[in-house]
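Two complexes are shown next, each including chain A; its partner changes from chain B in the first to chain C in the second.
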Partner chain A sequence: MNSARLQPLTYWLLLLIGVAAPMLFPDYTNQIAVLWLMIVFALTWDILGGQMGYNSLGNIFFFGAGMYVSAVTQIGLYYDVGMYTSAARTTHIAFSYSQYFTGFALGTVTGGLVSAVLAIGVGSFVFGLRGPYFAIGTLGIAVAAAELVSSWEWVGAASGISLPVFPGGPETQKLFFYFLLFALSFILLLFLRWLYSTNFGLAINAIRDDEEKAEGMGLHTRGYKRTALVIAAFFLGLSGAIFGNMTGFIEPRDIAFPTTTFNIFMVLMVLLGGKGTLWGPVVGAVVFHVIKEVTWTYFLGWQYVTLGLLIVIIVVYFQQGIVGWVMEKYPERFGIQIAPKEPEEIPRTAGLATQPGGAE
Partner chain B sequence: MSVPIIEVENVSKSFGGVIANRSVSLSVPRGGITGLIGPNGSGKTTLFNSIVGYHPIDSGSIRLEGREISKLRVQEIARLGLLRTFQATRIYGKMNCVQNMLISIPHRKAGFFDMFASERGEVVERAEHLLAFVGLYDKRFLRAGSLSFGQQKLLEFAMALMNEPTVLLLDEPTAGINPTLINGLIERLKRANTEFGITLFIIEHNMRVIMNMADVIYCLAHGELLTSGEPGAIQRDQRVIDAYLGAH
Partner chain C sequence: MQQIIGNITVLEAAPILNLGLLIDGLLIGAIFALAAYGLALVWGVMNVKNLAQGDFIMTGGYITWFLGNHGLHPLLGLPVACVVLWCIGWLLYRVVVSKVITRDLFTSLLATFGIAIVIQQGLNLAFGPDTQSAQADLPTWELAGGMITIPATRAIGFVFAALLAVAVIVFMKRSRMGQAIRATAQDARAARVLGIDTEKVYSFTFCLNAAICGAAGALVAVVWNVQPFMGTTYSIRLFVVVTAAGFGNLPGVIAAGFGMGVFEQFGGFILGAQYQQALIVMLLLIVLAVRQLQNLHLRQAVQ
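The block that comes next holds the complex of A and B.
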């Protein structure tokens, strides 16, 4: 009851914050835009890591793939990609207003779709792995992708690609990408809220709790697992395409496939906020982003030490995360009931066995 | 007796050098309750695992309603209507009882878009009805993992019924259950058989339970079929008694 009335309000509130933030804190528009990206990261990671119990360390692959596919599409529509990437450092190549937006729209959609298709391929072999092997296997894919792209001259290799320049003032550009990332994270949140309320949510939770049992019950486990990865990959691909255009310059190791930063942040944010919950990743992303911005500003040089400490503290002392902790503390607010501790079982079960309906 | 629903013919299975089943043949008649007994390590659970497709068999043939299933995978066999419960109870611990039931609906004809359906109305009603049937209605919103072992076993049984199987393989349904609960469980198993028309094939160590329920009992010893027959005959069979007491 309580949470049912509370819920629509939270979404409206989030919408309000999202729209008002760049007007209230115009100096921080970019930082808040990145926060929305972080929320997309956390939410997509939680689909597999939290709800389905498959801890992936390679989700960044789909982010980078979306980014590169989008870049290649945007450029390829009007120029030869190989020529562009080799000439970009010496010549300024202009895109007209309509060329930019057509390319951007098409590129972003293609980025999302290609990532989703790649997920079908990736899923067909990584889901043979379980537990830590799944984590390492997926990490391998992300690392390999970074190395491959780094030596692929056609897409600029390690020196990257400069994307078409936004045809507008810097303020418009900021707001444009801010609202795109905000819309993406907000739509993703609403989509997942719906998704987790369907059989899909139940099925991936069942896979998390006992995959062998789920197989024994005839569940199409492989289909669910693959679809979960495809959904995560699609949204990550879109976010990659948008973020690539936001930064204006992409390269494989630090921007497209940053296995040690964004890739680890995804996991960390979800653990911090509470995995397997809808709002946990959102809360985790907000808290993490604030911590990160503060440490990066005031403890520069020590930021990775702080980050490492945070990882150790969460993993050792705070595994359930913020939302998980609140749910443990006040389960009834979330509609969860835990069986009361019953030291004596005999009287109740005796009633169960002999008198129908006399169980309680 | 009508056509057998499960036919096991000369099935052998070994793990490394250990022969778990050696040329076992048996048949489970449709609509009845069939028992499988035998001392520890006689290969009962291995035979169950072979039937449900948990591991490939070395040789022999297993047929469900006349169809060869020994090459099919677990999910495919489950979708054909052959289901098993586990010796150590297996439920989805972090979900509540109703959710456990809702995801246990039959997946026989499930297409791509059924993944995103929401089960409401009738299905929820059926789930609650079955939870009431096993006596867990009052606990339906409790997290399944927080139930006692016996209650989890009842939940697992209800989940199996939710799946509308034609045959249900039960691996020691009364093991680890409070003795006072056993009578209620026997009665429910019998009702599942008569009211829902589900053929039962049961591994059981509790002789009182199995003698009371089964129409036919098969006895395994050292991976081989020792004997079979109706409960009274099995009880008197000297070979069965010897197998259990270790005289050989």
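The block that comes next holds the complex of A and C.
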């Protein structure tokens, strides 16, 4: 990757920012924690959407799955889940210090792992779908999950589950989850930096550029696609488990499987920052989060209209993204040598044969 | 679960209820078929999957309802809804859709999804989140001793939908513009070589689809109800219909539209209305899975 040429200094700087932020802006710790979550979202979406060319609209499924699995594990270790969810509305159930942390650690890991296992199943279904059908199919899975969980009494149905309360002051809690989310996004960034420099990175890029040809060259495309989804799902599952505990209350439609908010944010952040680059999603997530917080504050009531307009504007007029735009403007900074090229005529065809993926 | 089995037993015990549900499903399915035809038209001609289709329908419904509140009979509101939606369609085509036709399919999908969010939130801000329905003041017919009730509005809606569909189909077959649209759908480049202004064709197709949605929405407002966030459900429904039938297959789209209406009436009766959305999404996944199995033998993937 060209952006990998950015000095390691950038990573140290990011680490410094991450550690210093809650001390510099103690009032905004939660918002910045959500920002790290957004970076995890954008980075995981980009594995499939940007690097592999499979534009998913249902990645939120793994986030919600991780959240629910961790909740069930945490509670199930000490109580009967069905009893807990029906009793939680009337009585307060306390968890001891050790119970909480054992449950949390186990729950988070289980959440990530189960999401990864689910990804294998989901992958075998959705990777048969091409182009827009892939997007619609993944969206369908996320919506279906939200609907199913909302009618599943055992996990609290539509009224959700209250998770164990953090045994410690609110300040400790804030910092605890802040650093967890920060660590997750930072580790994910380093991991992806390594991953994209391996043969695996080249393979999924080849799938993006021409899947039939990649197959023809003997790449086991199905295995690569499944692995990519499993990686994304694992990190999304972890982030879901952590975020569920951070909010303390989970519910299917607006927190675990929010198809019209977090789910769309993922795509937007990557498009805004620059698809298929390592730093694009990070930049996009930061810019988007700032824009979002500002519009949510100043356009209250109109925020979703603004969101819709933002989608249209980004998608239609600014698809190369910030990093893509900078790379276009200053290619030599990224070590790209380009010959002056002739302006080429883009054929204006909307026929069916022009779809890059081939079969519809 | 008990309730579901109970409902099935009721259907078995009283066959006449099945007939009632079937008629209801067909009457509603006509509207689905009309709107699905519009979706298939844009899909086939421009290769744009319009995720805002359901929200166009809701807009048409709200226009009819709004005019109905100001003394205009809903069936007279229908042409107004068509005209207004035509204009909205033209505006959206100019500003957004014309820019994404040549891009990859995900772009147009996301762009229309953005439009869908703007429309539903705009409707929500303008008219509030309540369910509304336009009052037509027409009688309800009872057959078989009250076991089957057919509201006259549904019958009229059916007739209107059928007339509109026939008008559109005749237009596509006979008129100069209809021929141009079909030629562009077959091969846009060849059509351009032969002197067809494809830009105009695209714009016209998108406007025509919006107008069809306006009409469908007016009918929905009369026979059912409208609500700002119901558009998404309609979009998924229509997507299911068109995917199941294949977008080039007009009789198939119409048959699938009727099928969708009947399926939903039965599903709603057996499972209860709260599972409506889950039912439609499940149907979507099933249709996609079947399509995928059909495509499987076309590709030999490396294992």
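General remarks:
One rule holds for everything that comes next: the second predicted complex is superposed on the first by the 333 of 360 C-alpha atoms of A that agree within 3 Å, B and C clash if a C-alpha of one lies under 4 Å from a C-alpha of the other, contacts with A are read in each partner's own complex, and residues count from 1 in each chain.
Here is the rule we use: contacts are C-beta pairs under 8 Å (C-beta built on N, C-alpha and C of every residue); 3 or more make two chains touch, one makes a residue touch a chain.
Values in this document were obtained by computation on a predicted structure and should not be read as measured data.
With both structures placed on the common chain, the touch criterion links A:195 to chain B but leaves chain C unconnected.
When the shared chain is aligned, no partner comes close enough to touch A:8: not chain B, not chain C.
When the two complexes are overlaid on their common chain A, residue A:170 makes contact with neither chain B nor chain C.
When the two complexes are overlaid on their common chain A, residue A:301 makes contact with chain C while staying clear of chain B. In the superposed pair of complexes, A:136 makes contact with chain C only, with no contact to chain B.
Within the superposed three-chain model, A:55 lies in touch with chain C and out of touch with chain B [touch as defined at top]. Once chain A of one complex is fitted onto chain A of the other, the partner contacts of A:208 are limited to chain B, with no touch recorded for chain C.
In the superposed model, A:221 makes contact with both chain B and chain C. Residues 215, 218-221, 346, 349-350, 352, 354, 356, 359 of chain A lie in contact with chain B in one complex and with chain C in the other. By the touch criterion given at the top, residues 55, 125, 128-129, 131-133, 135-137, 140-141, 143-144, 147-148, 151, 215, 218-222, 260, 264, 267, 271, 301-302, 304-305, 307-312, 315-317, 319, 346-352, 354-356, 359 of chain A touch chain C in their complex. Across the interface of their complex, chain A is touched by residues 52, 74-75, 78-79, 83-84, 86, 90-96, 99-100, 102-104, 106-108, 110, 112, 114-119, 135-139, 141-143, 145-148, 150, 159, 163, 178, 180-185 of chain B. Of all residues in chain A, only 195, 197-200, 202-203, 205-206, 208-210, 212-221, 223-224, 227, 276, 335-339, 342, 345-346, 349-350, 352-354, 356, 359-360 touch chain B in the complex they form.
On the chain C side of its complex with chain A, the touching residues are 45-49, 96, 99-107, 109-111, 113-119, 121-122, 125, 187-189, 192, 198, 202, 236, 239, 243, 274-275, 277-278, 281-282, 284-285, 288-289, 291-292, 295-296, 298-299, 301-303.
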